[in-house]
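Right after this note come the structures.
Shared chain: chain A. Partners: chain B in the first complex, chain C in the second.
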Partner chain A sequence: MERVILHVDMDAYFASVEQQINPSLRGRPVLVCGNPLTKTVVASASYEAKRQGVRSGMSIPEALKLCPDAILVPGNPICYAETSRVVFSLLSLFTDTLEIYSIDEAFLDVSRTFPLFGGKGALGRRIKETIRKKTGLTCSVGMAPNKLLAKIAASLVKPDGLRIIEEKEVPELMSDLPVEEVPGIGPRLASLLSDWGITTCGQLQRLGENFLITRFGLRGRFLYQAACGFDNSPVVPTPPQPKSIGHSYTLPFNTDHTDFLRSVLFRLAEQVAARMRQSSFHGRVVTVCLRLDDFTTFTRQRKFASVPPDGRRIFTLAWQIFSSFTLVRPVRLLGISVSELSAETPLPLFPEEKTRENLFHTVDEINRRLGENTVFPATFLLEKMVKPPVPKTHAFQFWRFKHSDTTRIPT
Partner chain B sequence: MITEINEPIKVATIFTQGKVKICWFIWKGKRRDAVNTTFFWKSYRGEKRIYHFALSNGQEVFEISFCPEDLSWYLDRVHLK
Partner chain C sequence: MELTVDRKQLTDSLETVTSVVPSKPAIASLSCVLVETKDAEVSLTATDLETTIKTSLPATVSKKGQILLPARKILSLVKQLDDKELKLSLAESQVNLQTSSSTYNFFPMNVEDFPKLPKFSGGISFSISSSLLRDSIQKTKFCIYPEEPRPHFRGALLDIKEDKWNFVATDTRRLALVQTNLETKVGQNVKCLLPYRVMNYLSSLLKEGSAEVSIGKNQIFLKVNGTYIISQLLEGSEDFPDYWKVIPDEKKQQIATVSRELFESVLKRITLFTSERYNKVKFIFSPEKLSLSVSNPEVGEAQEKIAIDYTGAEQPIAFNPDYLLQFLQCITAEKVIIAFSGEKKPVLMRPQDSQEYLYVAMPLKLD
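After this line comes the complex of A and B, so read on.
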């Protein structure tokens, strides 16, 4: 049986949703970001903005330098997540083997179902039309014998394209394909390869598997196989157990204010703990990530006998790690993650542990019924007490918030 | 410009065959016609399901939400040109 993998990638997803919500934004450069009154980055740029060089992850001043007419729109993550759910439920009409790859991407194994829809091209067009009719959004579809090639195919025809790669055309396609088009080869690696004079997958293939393994270890094997267009990975409908649970946060302003950083770290620890409790996980390794205002990033981790899903405990461990950093510049981003997760929950030995477990259960239940952060530790309020400086960039004048960024205090 | 409002409003709506057609709503004592619904999504506030609608009158876009549990309508945000 011919293996046919289909990759669906929504085009400039968040920006396109905003352009659907507000028709006056259509055809204009839109940047979806966090609250524009605070320091934030571009989460998604419309194609009109991308054409002027704006990319996701850029800081707002950097993006506005490239695209001064850009319209900043604060993101609406709930709307995007719900719209994704609608898109994925539409995709599940075409196969029972659907892997949700990210909020705006999915792989479908359509090997058994594509003949039912009149062939590969007809199926691709039908999927695009179904999504467009239901949501008004466009997507790019790639079809190929494996996931790697399907993803490459979709990326080659963005936006709103459909590309089918047949097995027989793979060698020719890969020989001329720029290395940065391969998922897994980022700008840094592409630049390193470019320094060696390697710019296409064909040149990478000619280096040989053994050389790449010697130079890059196991990653070298991936590089060689990717350069040849090989990929045996299956489409996995059920997400595997996560390797780690983490949260990070770009601060609204760069700071070295210890109390503020402490309260942010505490909130992140509580968020990680709440997610661990949802899946009944314990962990063993705590990692703290720190990015300074010059974008230098530090990551440190420590292994413990057990990391329970208790925000206070995770915070204490994370704060120990954080305190080992010497802050020479203001902090831009903080992150915590817990890894080496295990579903085996040790029974509480001491009465205080049992009391805290009951407390978590009650708080989680209240928040589940009445909404996130209906009940939260008072320490969170400290974070809101430090006010960010107001940016002076003219583009921020687009925005006025009557109740901006208000803290929900339980009544 | 987007302005956060979060105020209760009165809405004239036709519920028919599982679909919702919003005709107009009253905000600040003034009737605003909904020429078309540009987008629709759902969310949860705790266990409560909330239905969100983006309505355009050609000039402005209004994001309104409906909670079937307490039959309340809210004007969430206004996008001004």
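After this line comes the complex of A and C, so read on.
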């Protein structure tokens, strides 16, 4: 069966959504910036601004120099996520194999379904039309035998384009394709390659797989295959809702310092809780993951009647689980996740609980408007206050042995 | 030590005490049952350090003494034997269990290793009917999550003021209360938190008659049908929220009356269409009619209508159906009263014929 992968990439996504919400912005250069108080970089620029040379990731002063009449708009992530959900639900009408790649990009495996819509071209046009009708947004669609080429195809025809790459035209297309068009080759690698006089994928191919592997290791194989337009990675359907919400953190140093681990665990619990609140989830299972300095990894989970999106409660449960581990070596990574999520939870009965939920709502709202961690539990400070532990030299162990009582940290 | 006991009685008594034996004991002797002789009786004791259960049964004692036996092993063994009588004896370094045709030898553990039983001292003592205590436990137990990190929600609150008995449990989203007037006043007011596990032990022990209860500072002592239970109480009875505040006043509510049997069977069918993730059932109370519906993208949709006694305005409310089913399964009344005042307000439910059992559940958000 012919493999047909379709890539949808929304055009200047955040800026276009803003232009849809506020018609007065349409046709004008719009810069969406991270947050209104610390407007440092351009998160998304409308095509009107892009034409004047503005790129995402530029600093605001730099962008304003290029495009002095640009309109700055603070980002509205909830609205973008909501629009994305609409777009993705539209896309799911065309196949059951939909991989949500980022907030504004998706891969669809349409190998089995494209004939139903009257062929590749017709399907591509239909998808663009559906999205435009329902959301007013434009997108670029690329279709090709694999994900890599589909993404390249879409990026070649931005904005509002449709490009179909057939199997037989791949060698010719790749031979002249500039290396920086390949997803995975960033500006640094591109400039390194150009120092070697390599600017197109054809030239990269001619370096040979063995040379690239010798020079770049495993990445070399990817480079060679990408240069040939080869990619066999499958489209992995994204489940409609997350199965679990989790955070993990690689510690700045390996340690078995209980106070430090405790404060990290607390922060992770708060982060998990905040994300659960974002989608108003409750959960049932708490999993704690622990990696020691020799990379042995342990996970333990426990099921509870209900895990509310409350950092302190999640921490208490996670700490119970964590305490059941016997630490034989210093810890390198800690993680917490909550699973068996459900969206429907009864309202709290007691006024004290209501107050707590209101508090979370307020804190979340402040952090949403003014940036992450504008308001945070004071316990987060502990993580910074705890002194880096003394390395376990022989002397230290001896000291610890002699003063075993004083090194025990109250839990 | 040497004694002869009835096998059936021994099995029952072992089952009673073994319920407390932890599955992963912290010290080896906790997995054992202590067997002690006393005149024409033998007593069995097991503990998990928090709760101790002691019971006794008649025996023919020919030599006094004490032994420790592995609780679960001896229970399984005794259950599987089919003799009428068993002979238990301690000879040199082995414990022998003999029947007419078989002999089993256990290596005994050191009796000294068994934890010393907590001494119960002082406190408020009273006697209470077993059925009231059993009912109170069974009608509130389902609201408790024993894994809850806050200790005051890990058990039920026993709140006695003079002759008013209040037994209440909550998981902060719902609350069940058994209230009644005691026939005899209790000397002092009592406010203590009974751990979930003790409630479990008790609900299987309590049958007929009455139970002797003594409540100390942080211990409870119960004597039920010749079995003694001593347990630690949960800390934090003063942290238990003021439950009267959240129980709606029935007079200020809209009242609907519905047949319990019908309501339960409809809910059971409707629940088939819910799943872990989509567990919301939408109720619409309208004059003389209650309609229930559920829409679950993972399964499908269901809708049922039932006749109710209700005259107020139309009121939609959403519920987790399990919250209602667990309540309905605890009662036998013919009709149930549902009192509500809004989609985000607590809903009060009770059997129509009694004020003694109240159940308050919070609705889900309607969207």
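Points worth noting:
In this section, the second predicted complex is superposed on the first by the 235 of 411 C-alpha atoms of A that agree within 3 Å, B and C clash if a C-alpha of one lies under 4 Å from a C-alpha of the other, contacts with A are read in each partner's own complex, and residues count from 1 in each chain.
The rule is simple: a contact is a pair of C-beta atoms (placed from the backbone, for glycine too) under 8 Å apart; a residue touches a chain by one contact, two chains touch by 3 or more.
Note that the structure is a prediction, hence the values are computed from the model and not measured.
Touch criterion met: A:341 reaches chain C, while chain B stays clear of it. Judged by the touch definition given at the top, the superposed model places A:21 against chain B, while chain C stays out of reach. Legend: residue contacts after superposition of the two complexes on their common chain; A:374 is shown touching chain B, with no touch to chain C.
When the two structures are aligned on the shared chain, A:82 is found in touch with chain B, with no touch to chain C. When the shared chain is aligned, no partner comes close enough to touch A:187: not chain B, not chain C.
Those residues of chain B whose C-beta lies close enough to touch chain A in the complex are 1-6, 38-39, 41-48, 52, 54, 56, 61, 63, 79, 81. The touching residues of chain A, when paired with chain B in their complex, are 17, 20-24, 73-74, 78-79, 82-83, 86, 136, 367-371, 374, 398-404.
Those residues of chain C whose C-beta lies close enough to touch chain A in the complex are 145, 147-149, 170-175, 241, 245-246, 276-280, 318-320, 323, 344, 346, 360-365. For chain A in complex with chain C, the touching residues are 241, 284, 302, 304-306, 313, 316-317, 320, 340-353.
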